[in-house]
């Protein structure tokens, strides 16, 4: 791919949220959120607990339904049109805090399930693909084990590989390291950094500010369902505009 | 320990007598919980013989399934619960039977409007019966002998059993013939809609049972029964027993303990038979009280009359 | 959430949902209308004449009014029924009193239960104080159900705890004995155990020794109950973290101190919901005694339904008995839920 | 083990004989021996008593009676049986009846239980309430009361002469449910064979579809072809035999009906009672199973764009079944055990016949032992199967 | 107490392990471990995960049974003699990673249980003692609460107080701070430092190297069930003899 086309592609927003709001009953979780993510861009979302970070990214692949505003992914609007939802979901991989691997299937089966059932791949092809991504996350030797036989870090890497097997253009991460022991955090972050370096579009909810500094193109700070600040990492960490951002960073970096 | 039932009973101060929980005419508690019935009276007679007080008896209601274990285990002293005396029970169950106190046979209660007049009409019928009764076997034989078929509906709980017949689940209810008038009289809404099939189709001698191996106790049972027979034969009844005490007939005198020491030989007081007749009555008194024409469960005496009148009741001499 | 939201979410969120709502609502309404029509509007409440009932199109609740005494008290001598009423009052009073946490004080409860047990015994048996003697073979109805149930739980719980401890004991022999006992009894129906209690148990005793039939039956049900409960408690024991044993060991507590002070209190709290379920099941199981002819409330009712004049109204009578069981079962589970809440809030 | 190492550093040795009493190992052994001795002693004592009591009371012992002629009839039998057969065969008849009423009860309880369980978690409020109410009532009323109730209901059905007509297909009366059945025809055997063949074919088709999918990635839906083949094959056979459509309609005759097939009221009452009771528990098991699959699993499946059908089939069901099957089996076992209350309504199950045998022979110990053993075998076999199943499907963990 | 006697007492080994080995099945967790702890000495044990640190200190109060070698505590040998075990355990307090407080008892009841049951103290005395130690760990006001109502740090301090109520001569700590949030680690370490300064004999398994530097008389490094190195902290941190120790320290101090 030539430099110019990739630049052009990178300029087109691959995800855009306009004025998105969501309520749980009376409680407003998202207040008129606007967000634009371009191809190849890496966005880190942070903010205090309960600020709506998870809800935000779960709206992007419709694990939650937003009630106001519009969400576009690759030009398709997220409505209750099943076809759109399906097309969008195929383009988006998601990694959860608790891995959510299928415990009754082996690692390999976890990885091949999606490609075989939704991308109509042959079993042999799906397994090749799976092994490819398992090698990428550096655990090809665990292919025949069951998820619960692996350490947390290994499980999360399998989860990342599972998403990659769908060959998505966008990856969403919801606090992928917060359920892990310290030693394992690094192995998962390393995997994610590699992925970022390969040019994947990513939205990452995380408290790992080191990661944000290293890879983010943009850091978004949320509080009370609002997007309070959004800036490149140097600016965000060096000179945050908002008072709340500063307080939050103080707290989190004191550790 | 096999010879000490009498001693144990005396020490306890009452006889434990196993009876049917609800068989009108034989044994049933009234709405106040007081037991009455033909077999109940024989239990009273045993108490009268031992204690001179017919009320020193406690009744234990037993299902047909529990009756033998209860007597075997010593939970009761004497079983007077519509037990048919058979060789099998005498031997395998370790029992001894008193002389039969009631001769009957398998009977069938049917609905009048079904138009059944004899057993032959029952081919293909559903027949309600209790499990483990001799009836169950008798019915099998009666039908087999006639090459007929039937559907047994076997229910342990007597209430449920009678209910099954009365509601029409079965075409006939079979029990000892003597038990059926009670059902007819008490349990059916309109007794006249039901009839007992005539004829007796099997031998069902009902007797009291005691544990095998205690001869003294067994002897007492036997002679309590014979005493009621003999009293009737001698014309000694509840009404005239006191006058008869002054009778000069040596047999009567022996019976009532005026002379001789029959009581001592049996291990009870010499007035034992007097006490029975005085407090409970002779056989006829007992029978008439529960099955007489005025009772709700009126029953002809049929074979249950003295040998002198062509019946089967034959008391051994009491010298 | 507003009422509109709620309705939309739970009743009319889609066409299919709406259809389902309409159908189920129709069924419900029809049912309630039937209940109202049959059970209230056209029902006969009081009459001693069954013909009145027969003429009515609704329920005949009069059968309960008419027959409640034999249904509730079974074969117990009619003139002595007042003793049972008194007994139930004492019993229920004692139980309710003991269930209140503010009375949880052994110095209060032990004497109370002794007094209650003695007075209940005196009332039921009689034979003293000029009361007529009533043998256990004449007991019946609801008091009998209550006694069977209480006996089952009071005798069964300790056995259950012992069996559960045995099954988790470090000693293989104790484990083996408990496992065989528990699994063998859980593998057979309650009826066969009742048969054993009634027909076989006397054979196990040396000659001359006798145990009252009611007592034998209670023990039979209790042991059956204990085997199920033991498995529940074992689950609770397993759920107590190993660290608790270790902490107790490092305080050099003995096995029994550890068990009674540390492990059991936690295990019983953990499996309280399951324990309650089995206690309620034990109450239901007392009804099995109909098979061996004990006159509990169900047996008494089937006996009453023998009366040819009232036989037709068995539905009402059985509904009444079902309601009695539902009432006590519901009360028990409500109470258990309360206890769970107390536990969660650290009150006990 | 006692180690004779001498004391070192002048420290006292803990291994002198007198200290044996304080040895953990010794104590454990001593407790065990004491317990074992107590168990053996109690066992012997009871055995001794039984033997003595039986001897003293002159009660026959041993299982010889099983070979004697029973001399009683049984109302419902699945195998040939008459009063001339042995007690052993009578008990076998009872066992088969137990199994047949249990099998029918299990099917009914499963159907109702699963429906109600699913209704319990439905997001339709009235449906959910109805299901909850049903579960609460059915579970909390003693099963024996329910069975007696249904027995009363069946007995109070009209007499055969006024039997309720079931749309011309059969009758409902206090003699039971009488159905019209096809007149026996050689075609039936072949149709049964065809049905089996159809099922086998469907299974083969399913395997083929999977292989095909794995090989080519093409998903072939085998649901309707399977249904078609399972229903179609017997149908073709039936047509090939000239569509024998003679049906034996029950007719009132004599005391009851002739023709058709009759299910006795005792069977109906017992089966209804025990299966409704069990259905309440099964509903709860199903609900718990459905709720046990974590929400995250469904979300993860959605995020790899699986369609709802696949989510159900490959993610939710396999996990829910692991949770549901073990308690479900124990419900089945307890339903089988509950069928023993047949004796109150007079259905000739194992216990009822055992009861009769016990009364006829007076050998209570042996008769009860037979009953208990049979139920124990049923329980043990089921739990062995269950353990095997659990081992096979267990989710592998560290 | 005069200087000389205390010196003398300090010289006598209060705990000594000779050649202690232990296996789980085929797997050897402890290989011929020798360790001598004198009265008043403070030993810190560190080493990678799975190296047998916990197993080692659990053998000292027989929460685990060693299979070879001999262990002496205060002159008593640890055998399967119940009397000895009891005597030894009374002299040893133990603090666990997960606190292991009794959740169904109040803090005060947790503290008085041991003294009342095993030391036959009167309730009033036991409560005085308990309040004394609760004051020492600075949470006397929590006496009536239940453990689960306290923060992790408070729970761990209660656990320390519970051990102290048995008035042991030796305290064992098994990673007492590793289940705690960072804010709470300090309060627990402070309590332990105070305890060390009061002259308690302590064996502490921990990764808190700051603590080791401050209070340890001796730092022991374990790997693969072997005692690799044992030295005073200055030497241990400044100039470790063994290669493995160095690698380990590099890893752990990088954090």
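First chain written, first letter: the chains are A, B, C, D and E, and each begins at residue 1.
Just so we're on the same page, a contact is a pair of C-beta atoms (placed from the backbone, for glycine too) under 8 Å apart; a residue touches a chain by one contact, two chains touch by 3 or more.
Note that this is a predicted model, so its numbers are computed, not measured.
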| item | value |
| --- | --- |
| Chain whose Cα centroid lies at the greatest distance from that of chain A | B |
| Chain whose mean Cα position lies farthest from chain E | B |
| Angle of the C-alpha superposing rotation, chain A to chain E, to the nearest 5 degrees | 165 |
| Centroid spacing, where centroids are CA-atom means, of chain A and chain B in whole angstrom | 90 |
| Distance between the centres, which are taken as Cα means, of chain E and chain D, whole angstrom | 55 |
| Length of the line joining the C-alpha centres of chain A and chain E, rounded to whole Å | 44 |
| Per-residue multi-chain contacts in chain D, two or more chains | 53, 56, 148, 152, 156, 343-344, 355, 358, 364 |
| Touching two or more other chains - residue numbers and ranges from chain A | none |
| Residue list for chain C, restricted to those that touch at least two other chains | 199-200, 202-203, 207, 290-291, 302, 305 |
| Complex contact set, residues of chain B against chain C | 1, 21-22, 29, 31-34, 58-63, 65-66, 69, 72-75, 156-157, 159-160, 162-163, 166-167, 187-189 |
| Of chain E, residues touching chain C in the complex | 58, 61-63, 85-86, 89-90, 92-94, 96, 98, 100-104, 113-114, 117-118, 146, 148-149, 162-163, 166 |
| Of all residues in chain D, those that touch chain E in their complex | 8-9, 11-15, 19, 22-25, 27 |
| Partner chain C, residues of chain D touching it in the complex | 28, 31-32, 35-36, 39, 46, 49-50, 52-54, 56, 122-127, 129-130, 137, 140-145, 148-149, 152, 156, 337-338, 340-341, 343-344, 351, 355, 358, 364-365, 368, 371-372, 375-376, 378-380 |
| Touching residues on chain C, where the partner in the complex is chain E | 241, 243-244, 246-247, 249-253, 257, 261-262, 265-266, 269, 346 |
